[in-house]
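What follows is a group of structures, each given as structure tokens.
Next, two complexes with chain A in common: one pairs it with chain B, the other with chain C.
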Partner chain A sequence: MRHLSWDRIISIVVILPSVLAIGVFVYGFIAWSGWVSLSNWDGLRPDLSWAGFGNYARLFATPRFQIDIRNTIVFTISFLAACIVLGLGLAILLDQGVRGENVFRSLFLFPMAISFIVTGVTWRWLLAPGDPATGRLTGVNVLLNGLNLPLSQWYTDPTVLYIRPTGEFGQFLVRIGLGFLATPNFGIPVAMFSIVIAATWQMSGYVMAMYLAGLRGIPEELREAARVDGADEWQVYRHIVLPLLRPITLSVVIILGHISLKIFDLVAAMSKKGPGFATDVPAYFMFETTFQGDHYAQGASIAIFLLLSVSLLVIPYLIYSTRREAEL
Partner chain B sequence: MTARPDLRFRRIGRIGIYAALIAASAFYLLPIYVLVVTGLKPYAEANLARMWHLPSSASLESFLRAFEQLQPYFRNSVYLTIPATILSALLGSVNGYILSKWRFRGSEVLFPLLLFGMFIPYQSILIPLVQVLQRVNMLAEALGVPSSLRSLVPGYGSIAGLAFVHIVYGIPITTLIFRNYYATIPNELVEAAKIDGANIFTIYRLVVLPLSMPAFAVVMIWQFTSIWNEFLFAVILTQNPAIRPVTVALYNLAGSYIVEWNVQMAGALLAAMPTLLVYIFLGRFFMRGLLAGALKG
Partner chain C sequence: MSRHTLWSLLSLVLVAAMLLSACAPPTPAPAATPTPAAPPPAEKKLEIFSWWTTGGEAAGLLRLFEMYNQKFPDVEIINATVAGGAGFEAKPALKARMLGGDPPDSFQVHMGRELIDTWVTTGYMEPLDDLFKEEGWEKVFPPGVLEIISYNGSYWSVPVNIHRANVLWYNKKVFEANGWKPPATFDEFFTLAEAMKAKGITPLALGDVGIWASTHLFEVILAGTLGAEKYNGLWTGQTDWNGPEVKQALETMAKMLEYANPDHSALSWDQANDLVIQGKAGMTIMGDWVDADNLAKGFADSGWAPPPGTQGIFVALSDTFGLPKKAPHPEQVREWLRLVGSKAGQEAFNPVKGSICARNDCDPKLFGPYLQSAIQDWAKDAIVPSLAHGAAASESWVTLINDVMTVFVTDRDVAKAQAGLAQACKDAGVCK
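Showing the complex of A and B:
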């Protein structure tokens, strides 16, 4: 017994450095950033005098930040949708007992091994819109032109699609007091889809791998039983397979969702803030504000906003996973 | 049994499946095609409008130019990635061992608190991090650390400092993977060793560690890939150009108007090469790491 309790003490001593490191470098630093966000620190010299919530009020009143929130929402929804459709589709195709499954799977997954910076630099050239002066096309536009498809300005496109307040629906919205919905802040920046393409190229294979693992976990007897009951292949998927994949979809939404909320590298390498902030995101705004503009308190308020948005997604998931594990 | 689907219909379905898979493969390979083709083109042929054309003759000029520009930063990335990967795997192994085989009161609360650290946007800790690492440098100066040893001080603007940061923020994921892996080692094995009089260290060394190699492979590949590819910490913590890792160097290369686009593309492929090779040769372990990142055991 004495021997065991000695081991017990050692076990605590061994794990203590890691616990302290996370305590300080995660929780301590978050608190410190929170404090900076409530301070007057603006400039190179630290000034931690109390400013209250003024930095947050100013942040939410900043047009660039409002645009960033719009961009993040558009990016997150389209990126998740693209990855889930492509990932699930490819997983189902690979689950049909195809020859060369390993080769296909490796091809779909290899972009995960690459840095977002490499992806960004490469897709920046692939989606370069061409030279407007000479009208010479480049990259993907050359292919589209060859196929007689419409060309795009990609990430340099300043267009924002939004409900015109002068249109019929816009007038209706104005009349019922929802006129704010008919503004560019509630629109869709076209340039953002270029980032979605690059991000989907990189991450959809991961989604495919997760769904494929899920599909392999469904016992064949379950599907066979449904077939015996007269279900066709489509019904088997619709009523047996897809419902069983729901927990995987939840994991995908959490993992990709938190990545997309804090996306930085890809935007920095590909398009930076874009025309009229069309591809700007909070993480890039934070980077410029803090480390290029030296507006530390303002930068910290963006960082805390990012943390809170990610936490809303991740904390319930962590609690749920921990509980489920405790039940097992 | 239900009636078999019409065979001809089935064959059309098969062709459709392969056509879709091949089309998807083309999408994933498109950038690699352009990277390779562009890199191999002689300078005179590197024309943006002819991006998709095959080179008339292969030339390694772009790769050589890119390598020339990136070579010192490759070295930095190696110095950063290898020690950080090894240390963070060892730390994760020990943590995972304690959290799965030596659970204590509160360890089930501690674990999700650790895990939260791998989801946070690092922007929320960057400002204090820079300040603390700058203090570390000041402390080293005050303590009179000789300049020959300065590069080993884990402070701001040093490879050691960047490696230290990667080790600290790697604790959650490495602990998670090892803990889940060790959960598959039967507790009876550990209990039996305890009865035989083995202590916490001998059990780790003689029972757990010999079984750990697959988990080490997964964790080391995961950390190697993440640290090699990482950009945010690297760009913030390396103001000094001499110590920049390759991702930051590639970012600067691509942001420069003087560097031709074909050199940028060749540079991108070179920067991706180490992790791609790891993926090609050790893909099995890479995949397991990916799935472990989704919290599934």
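Showing the complex of A and C:
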């Protein structure tokens, strides 16, 4: 250790409280959850005797958790895709120098200022399916009905789209030993798209803002140079603009990805676990199993699973960005 | 700062954090040794925790508060409520407070396994034997109720009301116009359901947002299929969950769901009742809080009957109040419990809340026509505990059954559901 100058001591003293607080309240509690997840704590009374990885084995064997993983994957992919397409589209449109750009930018950004709970409640009302048999309709279904479009059951739709094992492709999968793919656990729950709509409504403005910043960072000379070389507008975007936006896309994927893996409040406010767990997510399962079912060790194992899945996304990104910083 | 310093600092912090987290939360003392009550604090307050926030239940609670304040004007009552039917939002909030060592003075809790398995066996409650003796409650509460609220030879909470879970509600006007009668058997139910369907009426209104209403429907079908004795055996491990009767009950439920409104998972029980009130649906199977809902909505044409197969069976649940250890104001709580268990208190609370007295000496004239019929049934029917409302099984068991029901109401796979129910009984430690 080099000599401690007065400056250095002051800087340590200044950051010490926050380092301590984070150490205890973040890392300490992560360690605590990890420990609980390996214990036999079932019921209100803490029981920290060693259980090994039994809780994790049981968790992955639980039908509800298998469904949750399916839902998270479906949600993450469609939410990211919708946000990126919409956000990028809006950003490119705004980047054309429309009049009143500030107004539009703020309008699209505003939903982000609302909490997921408010979004969830509002969209629960908007997407309430009503009962088509008795003509008792509300929200978006009134609109669809007026336009003579087919009505949707939205977040109350128990349908899961999956490859039928009796169908031609399903039989083929069974024959080559991939029969497990032709089960509802590898299907797409239709109800999840209602959650995707609400989440996209809230977050796509934010993605737009990020892309807009990215677009403004691309020097006009580069585009001009491409045009001089004979590229049409589509080629300019395809070969110049989009490749230069790649770091932005990566940031978007990381930021939205960890939101979507941990999503709880939106689902809790909108549809909870949904019919047949069609909109259930690991975080909601964790809440119910821990605080309603008193299965604390089981709940902690879900928490640790969530942490690990988010770190799979975030840690490579951190390594990548620290390397880049070092290079610059 | 050099890398070295940073890392040694960080690891120091981590070690400190782990040491801190190693200090386990205080383990509560076993239930058998009650701690002496804390000395009364200078400030007189009473915090009552419940999920009674709407309509009659909130009004009933406020009436109790008024009566309390008439007797003890210097006590400030704190009304701590968390909204949500069947308490599914309130209970996690309560657990956070209890485990955090900050219990309310007294809290609403369902009588039966919910109280015993969650709070009594874990040592969070004070026994109330002295109160029961002083007030002579052993004579006025029915023996069946006394049995459900006791554990290890002590009483742990004071029941304020009794609700009936197995009631079939229908719209009298619609039934009279079509010459229908409430069904007494499941066969009659399905014949009637077909007739209703032909008239364009949804036969069964169901609102199972949060799933408990489906579990509720299932418990009523179970009681109607198995009868009182075998139904009780489900909760002690004497009736086989893999048996043919449970299978039959699941099959009946699957068939019933075909006659339910398709948007049931988006509605709450009171919205389902609205369908009956509007004549859009024929019947709904729900607890007798529907009566209070009907009264509040000014609906006078409501008819009621025991659901198929449950004639002579009273599936009961009860709200009770107890005294947590470490309650900040135990003296005020004892007075509160005296009021809650008293004849005057129960007669003031129950007609408003839409439930009957847990005591058997209340004046029936104070109650409306439905409740008067419930009082008569309460006196003569076989009393069995409700599953969905915490009387029959521990909360962790109910949570597991709720999970099975969530899948069952959509895929209606009887074999899978039955296997899930049998496994839940094992996981709950009741079946082997």
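Here is the rule we go by: the second predicted complex is superposed on the first by the 321 of 328 C-alpha atoms of A that agree within 3 Å, B and C clash if a C-alpha of one lies under 4 Å from a C-alpha of the other, contacts with A are read in each partner's own complex, and residues count from 1 in each chain.
As a working rule, contacts are C-beta pairs under 8 Å (C-beta built on N, C-alpha and C of every residue); 3 or more make two chains touch, one makes a residue touch a chain.
Please read these numbers as outputs of a predicted model, since none were measured by experiment.
Colleague: Mind working out whether A:L261 is in touch with chain B, chain C, both or neither, as first, second, both or neither?
Modeller: Only chain B; A:L261 stays clear of chain C.
Colleague: Between chain B and chain C, which one contacts more residues of chain A in the superposed model?
Modeller: Touched residues of chain A are more numerous for B.
Colleague: Contacts for A:A128 in the overlay, against chain B (first) and chain C (second): which applies, first, second, both or neither?
Modeller: both
Colleague: In the overlay, answer first, second, both or neither for which of chain B and chain C A:I240 touches.
Modeller: Once the two structures are laid over each other on A, A:I240 reaches no partner at all.
Colleague: I'd like to know which partner A:L144 touches here: chain B for first, chain C for second, both or neither.
Modeller: Neither chain B nor chain C is touched by A:L144.
Colleague: Answer with first, second, both or neither: which of chain B and chain C does A:P46 touch in the superposed model?
Modeller: So A:P46 meets both chain B and chain C here.
Colleague: Is A:S11 touching anything from chain B or chain C once the two structures are fitted on A? First, second, both or neither.
Modeller: both
Colleague: Using the superposition on chain A described above, determine whether A:I73 touches chain B (first), chain C (second), both, or neither.
Modeller: Touch status of A:I73: no partner.
Colleague: Check the residue A:D294 against both partner chains and state whether it touches chain B (first), chain C (second), both, or neither.
Modeller: After superposing on A, A:D294 lies in contact with chain C but is clear of chain B.
Colleague: Classify the contacts of A:S251 with the two partner chains as first (chain B alone), second (chain C alone), both, or neither.
Modeller: Touch status of A:S251: first partner only.
Colleague: Can you give me the overlap between the chain B contact set and the chain C contact set on chain A?
Modeller: In the superposed arrangement, which is not itself an observed complex, chain A uses residues 8, 11-12, 19, 22, 27-29, 32, 46, 128, 130-131, 136, 287, 291 for both chain B and chain C.
Colleague: Can you name the residues of chain A that touch chain C in the complex?
Modeller: 1-2, 8, 11-12, 19-20, 22-24, 27-29, 31-32, 35, 42-46, 48, 63-64, 128-131, 133-134, 136, 153, 155-156, 158, 272-278, 287-289, 291-295
Colleague: Can you list the residues on chain C that touch chain A in the complex?
Modeller: Interface residues on chain C, with respect to chain A: 1-2, 4-5, 9-10, 13-14, 16-18, 20-21, 24-25, 27-28, 88, 91-92, 95-96, 98-99, 117-119, 122-124, 200, 202, 209-211, 261-266, 275, 280, 395-396, 399-400, 403, 406-407, 409-411, 420.
Colleague: Sort out for me which residues of chain A touch chain B in the complex.
Modeller: 3-4, 6-8, 10-12, 14-15, 18-19, 21-22, 25-30, 32-33, 36, 46, 86, 89-90, 93-94, 96, 98, 104, 106-126, 128, 130-131, 136-139, 142-143, 201, 205-206, 209-210, 213, 227-228, 230, 232-233, 251, 255, 258, 261-262, 264-265, 268-269, 283, 286-287, 290-291, 296, 299-300, 302-304, 306-307, 310, 314-315, 317-319, 321-322, 326
Colleague: Which of the residues in chain B end up touching chain A in this complex?
Modeller: Residue positions touching the partner: 1-2, 5, 17-18, 20-21, 24-25, 27-31, 34-35, 48-49, 51-52, 91, 94-95, 98-99, 102, 104, 108, 110-117, 119-129, 131-132, 168-169, 171-172, 175, 194, 197, 199-201, 225, 228-232, 236, 247, 250-251, 254, 261, 264-265, 267-269, 271-272, 275-276, 278-280, 283, 286-287, 290-291, 293-296.
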